[in-house]
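Chain lettering (A, B and C) follows the sequence in which the chains are written, and residue indices restart at 1 in each chain.
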Amino acid sequence: MSQHSTSIEQRLSDLGIILPTPAAPVANYVGAVLTGSTLIVSGQLCFDAAGKLAPDHIGKMGDTATMEDGQAAARLCVINVLAQIKAVVGSLDRVSRCVRLGGFINCRPDFASLPQVMNGASDLMVEVFGDAGRHARSTIGVAQLPLNALVEVEGLFEIK
Amino acid sequence: MSQHSTSIEQRLSDLGIILPTPAAPVANYVGAVLTGSTLIVSGQLCFDAAGKLAPDHIGKMGDTATMEDGQAAARLCVINVLAQIKAVVGSLDRVSRCVRLGGFINCRPDFASLPQVMNGASDLMVEVFGDAGRHARSTIGVAQLPLNALVEVEGLFEIK
Amino acid sequence: MSQHSTSIEQRLSDLGIILPTPAAPVANYVGAVLTGSTLIVSGQLCFDAAGKLAPDHIGKMGDTATMEDGQAAARLCVINVLAQIKAVVGSLDRVSRCVRLGGFINCRPDFASLPQVMNGASDLMVEVFGDAGRHARSTIGVAQLPLNALVEVEGLFEIK
């Protein structure tokens, strides 16, 4: 690695992460909206690099999915959040702070280990952005998510 | 129609939509708060023009409510969001962008067609504001909503 | 009381409220993030002054918890929100407005009296900040919360 390879996109590459091309919106909403210096990113599901929900990332925590499945799903959600940021503001280097992540975990009513699942999202955010990736966070367990996805993550970012 | 009838309120009228008068708050919160150029609108239920929840807009998606019921309920939520905006900033023409909608769908744990329900909200936003109505969006299925309402929608708007 | 005891911290003291020291984060997120003049506070659980969830503040509304339990839990969430604000911006006197509270109530699917629970949060906000405490609010009933807590509240504040 060159001594100049400090960009966020290089860091993603070092982590072996390839950002997917965000799917074109299929309804009257968009992946992210910039207002002033704040970027609001739509709730992203745990689609994989092929744009599909893997069988392990469908359903509810507390049924057959393991904690590792949940954390991997939360990590995928963040990758899709990053792809939406890049699509709207052009480069992840324009992110000065991850301000907030909202984590929605599809779960049985008796599954309370929700923060551990969401750590899969938060950990990746800090791997990618360092201290600028430390965010406020709300994590809740929901009755259902679009497409029966295991996890959905929304985000709010400060853009420079 | 005159060639000058391009205001948002005229467009609502053309759509046959009459904004309700927002009910006076019955608790220590308000319908919307303006901070800087950002307006945050409280979660709005699917009250009809008479301020009531129609029987078809009570309960959970996946029980007896149809997709059409869900979409109509989501549309009503947006009408109530618009009424709150008007009440706080005076005119819908001051909206420069619908930045975000959050959609909460009261559903059975096995009802995953949540985005289709929420499209009832997003579609109306774009009918009313055009491209400025295209928003970031998070849609989740929840265990319950106030008054057993079928849908609740909150919003974030950029005001000029 | 002196005629100068008009600070928010004095008001808390008058209400008999002692702010807890926020627990050090145990994961890659933080209690609150300031972006511009907006402070986003992470979802706070109903921990008591000892940093514990009381038995009455665990579980779902609609099971054994009473409305009084729910309201007391929502009030505790707000106390923890206030502690996070103080930790990040130094003094509660820097709050110029409580812009929004998001209330997540852990509930059975048939428990619809969610706003009454959340009033425990909203009422305290107005007791503390007066009219500047009147906020936009979204209240939903969720399938589960971290640690099986009864209530979680997140907040957005304008800081001067």
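In the analysis below, a contact is a pair of C-beta atoms (placed from the backbone, for glycine too) under 8 Å apart; a residue touches a chain by one contact, two chains touch by 3 or more.
All values reported here derive from a predicted model rather than from experimental measurement.
Student: Would you mind working out whether chain A and chain B touch using mostly the same residue numbers, over half shared, or mostly different ones?
Tutor: different
Student: If I superpose chain B onto chain C using their CA atoms, what angle of rotation comes out, to the nearest 5 degrees?
Tutor: 120
Student: Whole-Å distance, chain A centre to chain B centre, using C-alpha means?
Tutor: That gives a centre separation of 26 Å.
Student: At least two partner chains per residue is the criterion; list those residues in chain C.
Tutor: In chain C, residues 36, 38, 108-109, 142-143 touch at least two other chains, as defined above.
Student: Which stretch or stretches of chain B touch chain A in the complex?
Tutor: Listed in rising order, the residues are 36-38, 97, 99-101, 105, 107-112, 114-115, 119, 122-123, 125-126, 133-143, 156, 158.
Student: Please output the residues of chain A touching chain B within their complex, sorted ascending.
Tutor: 27-33, 35-36, 38, 40-43, 60, 102, 104, 108-109, 142-148, 152, 154
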